[in-house]
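Dropping the structures in below, format is structure tokens.
One chain, chain A, appears in both complexes that follow, with chain B as partner in the first and chain C in the second.
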Partner chain A sequence: MSEVIIPKDELASFVGRLLESYEVFAPVARGGMYLFERISAADEADLSYKNTRLSPKGAFLPQSERMFEFTVAPGKEESGILKEAPKEFRERVLLGLRPCDAQAFKLVDVNFITKEYTDPWWARRREKAILVGLGCNEPRSTCFCTSTGGGPFSEKGLDVLLYDLGESFLARAVTEKGEQIVSFCSGKAPGESLKSKARELEAAARAKIRKSLPVDKLKEKDLLELFNGKFWEKIEFACINCGTCTFVCPTCWCFDIQDEVYKNDGDRLRNWDSCMFPIFTLHGSGHNPRAQKVQRVRQRFMHKLKYYVDKYGNGVACVGCGRCVVSCPVNIDIRRVMEVMTAEVCEREE
Partner chain B sequence: MENPYLPSPVRIEEIITETTDGALKTFKLVFLKPEDEKRFRYLPGQFAEISVAGKGEVPIGIATSPTEEGFLKFTINKVGLVTTHLHNMHPGEIIGVRGPLGKSYPWDWFEGKNLVIIGGGFAFTTLRSSIVYVLHPDNRDRFGDLTVIYGARHPGLLLYKEELAAWEQRSDINMHITVDATDDPDWKYNVGFVPTITKEKAPSSENAYAIVCGPPIMIKFTLPILTELGFPPERVIMSLEMRMKCGIGMCGRCNIGTEYVCKDGPVFTLAQLNQMPNEY
Partner chain C sequence: MKEYIPKIREIARKLLEEEKVDAVLGFRKGTIPMMNEPFMARSASDVDLLYWDSNCGINLANYLHKRKEKIAVVAKGCDTRNIVNHIVENQVKRDQLYIIGIPCRGMIDRRQILAMFEGREIEEVDEDAENVIIKGDGLSETIPRVEVLQENCSICIHHNPVIYDEMVDEPVEEPDHVDRYDDIKAIEEMDPEERYQYFRDIFSPCIRCYACRNSCPLCYCPTCFVDESRPQWVGKSIDITDVMTFHFLRAFHCAGRCTDCGSCERACPVGIPMRLLTKKLEKDIRELYGYEAGMSLDERPPLDTYRPDDPEFFIK
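And then the complex of A and B:
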């Protein structure tokens, strides 16, 4: 696959050319943080970031999305009949996302594209997307992607991988779609010295991630033994059920469906939802299978680290981005939870 | 690409108030488009999302049997926003149906077996579907004896009263209708809780499957009696309820451990449930 050099002073013109042919999503600086958003001008993209506060999942699963529209006007023939909300599905480039987030999309695909059903919106957007990743020269102290099957320069799920070489980017096409993007670069092929610089950056970045977690052990653990473990009470003790972890997580896909009506026009919407909230599972009868906080905290970690593992044989539903570790207001750390869950003997009683 | 979230429009043909407290009504629905009706192929035990534009959706067991063609019936308890709105609707109005969803009762396992159907309260809907299905002349020979134990708190809360009376008269079904209590001097069936009547009637577990559907308290006391009667957990079939949204295993809320009740269930054997976290 081809490799080209994009000098940094030519980045804006490269992004400008992409904008002529694609919808482009990129990291942007907003209100003291970085977010991954659709851009309309080349200079909005800022590739000097560490990571975005929210994951880029919104590019495929918007935080709020119109599914259907309808009228409830009395007497009209089409009243009460839902029809698809009009949408454009243009080809889109996700520029400069982190490799962990690209891997997350692959993990979420198994939920939305199954042998029985396909989520049409997720699938169409995924199909039309080209993922241009940016390797991490400086992983954060909360990063642990090397434990979850990825790495700071992992190509999993990407079409192009960018190396930040200081003065320039090295762009490597990983797939045919990626070749398409690389062809937008006017730069030359990298010489041997830049190639070896890229390799050194990669090795140095890997070495900076010290934490190694025994993730593989999770699949051998007995599901019910983990479920019934006493350690959940210690883990959940500080949790305030704010839902931030699920909000920032690139592999949290749960959603709610709600109808909204203004005068005679209505929409059926889907919105991000969270297993941290009691209403998520509340029955009409008042019964709630996850009424207690400890049950909800257990659900989140068991889903990521055991249910997903057992159901899909696809590893854990965590890519080690560390967002939940950074954002948790009470310092609950999924790395610690992994250690507790994989301890030789599950802690039973204090 | 087919959109699994899009409800098919249906017209409310008839609304039948089932119970004396008025909390349960049966909605007879007819598809507006023949192609939607043709695509809606189901077996007893499956459910559908009933959609009301502007209100939302509710997952409801299908009360008709696939042997009844041309319409669907859903018996709906008045509980929340959508169901309360439905209870105030009238024949002729348009709503939506999305499905069929979930797994049916395991009809291929039941071939040549005796069936013991145990139901309580308003959970009788997919059991009614099953009884109608088994009693249909095309199907009756595929199954052995059919025993039904069905109870409600009092006679006014029994669903499908005319059908119950008709089934009582038939020789190819052993009906045991019961109520927890009644002061009706003309009541000619059993009085007692479902578990008690199950114990009293003692249906044989030989070559038999039990399908149990009802409120948690009924299930709790019925399961030990089925064990006493010799039903192994692999031959006790149950149907679960959960809060649902998508109905197709994607929105994430109805799981019990690795299983989504909407897609991997709602039908599970007791043996399966014994291996799953106790979180339902």
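And then the complex of A and C:
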């Protein structure tokens, strides 16, 4: 696959060319944080960022999206019929996303593209997207991607991987789609010295991720033993049951469907939902199978670290981005939870 | 404030060993810089995990309501005011509590420090009486703590506990002249259009995670109005009208109750200054009723009392 060098002073013109053909999503500085947003000008993209506060999942699964529109006006022919609301499906480039987030998209595919069902909007957007990743020269102290099957320069799920070499970027196409993007760069192929610099950066970044987590032990653990673990009470104590961890998470895919109606006309919306909220599992009957906070906290960690592991056999439903670690208001740290879950002796409920 | 730790542990150990309480509510040291985790020590063997520094901004009164045990709680000034609220609002009983009072020197604004060093990895944040010391990859900075306090702490006039059973140290000096409402006065001066746009901009990053509500000791309703489904009062999307409805209504529910502890802003993952709303209501309550929330066990909050000299003419 091709490799080219993009000098940093030519980045803007490269992004400009992308903008002519694609919708471009990129990290954008927004009042003390970075968010992944659709940009309209090349200089909005800021690739000097560490990571975005929220994951880029909103590019494929917006926090709120109009799925259908309808009318219930009496006497109208289309009354009571759901019509698909117009949506944007242009080809899009996600520029400069972190390798962990690309891996997360592959993971979420497991939920939205199955043998039986395909979520048409997720699938179409995914199909039309080109993911241009940016390797992490300086992983954060909360990063643990090397424990979850990724790495600071992992190519998993990416079409192009960028190396920040200081004065320039090295762009490596990973897929055919990626070749298409690389062809937008007018730069030269990298010489041996830049190639070896890229390799050095990669090795140095890996070495910076000090935390190694016992992820492999999770599949060996007995499901019920974990479920009945007494340790959940300690883990859940501080939890305030907000939705922060789930909303910042690149692999949390749960949503809620709502009808919003004004007079005779309405929209059917899909909104992100959170298993931390009591109403998430509230039945129409009034019964709530996860009425207690401890049940909800256990659910979130068991889903990511045990149910998913057992069901799909491809590791944990976590890519080690560390966003929940950074943003949890009360410092509930998934790394610590993983350690407790994999401890030799599980404290059990008496 | 780390010098309080030995005393906190000493008091906690004694209380647990003598079985005067079932548990001690405090903080344990966090896994990342500038974060600590609310923690319940249930036996003497847990006591050495109890920790205290200027990163204990989450209000522990939030963990007290409807508890049955006898609990000792490590409480700074604002926490004790919310404990008073809780007692007045019948969420917890005074005789259930043993309040370990912290003379507070203010909490560090984590968000501000992260923004100051954006792009550089902070690995350790230490403190002494005057300074905050920030260390990381090629980073070693000393900043006077007064410059990096949470905004609510920098205008705080009740650093010392208003109610306690035992103090960990001598009270700190309270400031003389603090204008708590500079920013609120500026907003009051805006015309309605401008003000609407101002708040619209402030609340537009909201992701409806409810961290502000859930970290708030006042928000203990069994079901919040935004979670009611029959009928559903508020839309669930991130449409700005629904977002603002949530924030405005929540603020009104806190009128005459909010102690400006700042837990909401500390908890917010996207940095929304929602205290602008609760502070305006605090100012109104002070001006209309001469009342400050959480200062006395013997006074009913103004919004659940009737007085013939009530300034609202319609009530007479």
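General observations
Quick note on the criterion: the second predicted complex is superposed on the first by the 347 of 350 C-alpha atoms of A that agree within 3 Å, B and C clash if a C-alpha of one lies under 4 Å from a C-alpha of the other, contacts with A are read in each partner's own complex, and residues count from 1 in each chain.
Following the convention adopted for this analysis, a residue touches a chain if its C-beta (ideal position, glycine included) is under 8 Å from a C-beta of that chain, and two chains touch if they have at least 3 such contacts.
No experiment lies behind these values; they were computed from the predicted model shown.
Aligning the two structures on chain A places chain B and chain C side by side, free of any clash.
Shared-chain residue A:Thr281: touches chain B; no touch with chain C. Contacts of A:Ser64 after superposition on the shared chain: chain C is touched, whereas chain B is not. With both structures placed on the common chain, the touch criterion links A:Val294 to neither chain B nor chain C. Of the two partner chains placed around the shared chain by superposition, neither chain B nor chain C is touched by A:Ala343. After overlaying the two complexes on the shared chain, residue contacts for A:Met33 are found with chain C alone; chain B is out of touch.
In the overlay built on the shared chain, the residue A:Arg140 is in contact with chain C alone; chain B does not reach it.
In the superposition on chain A, A:Ile332 makes contact with chain C only, not with chain B. By the touch criterion stated above, A:Gly80 is placed in contact with chain B alone, chain C being left untouched. Once the two complexes are laid on top of each other via chain A, the angle at chain A between chain B and chain C, using C-alpha centres, comes to 90°, given in steps of 10. Shared-chain residue A:Asp256: touches chain B and chain C both.
Superposed on chain A, the gap between chain B and chain C at their nearest CA atoms measures out to 6 angstrom in whole units.
Once the two complexes are overlaid on chain A, the chain A residues touched by chain B in the first and by chain C in the second are 256, 258, 282. Looking at the complex, you find that chain C touches chain A at residues 30-32, 35-40, 58, 62-63, 111, 114-115, 118-119, 121, 123, 137, 205, 207-211, 213-215, 223, 227, 229, 235-239, 266-271. Put simply, chain B touches chain A in their complex at residues 1-7, 9, 32, 51-58, 77, 79-80, 83, 93-96, 216, 241-243, 245-246, 248-258, 263, 275, 277, 279-280.
Partner chain B is touched in their complex by these residues of chain A: 67-68, 70, 72, 79-82, 84, 111-112, 114, 116-120, 123-124, 223-224, 227, 253-259, 261, 266, 268, 270, 273, 275, 280-285, 287, 289-290, 295, 299, 302-303, 307, 310-311.
Every residue of chain A that touches chain C in the complex is listed here, in rising order: 30-33, 48-50, 53-54, 63-64, 138, 140-142, 237-238, 240-244, 246-248, 256, 258, 260, 269, 271, 274, 277-279, 282, 325-327, 329-333, 335-336.
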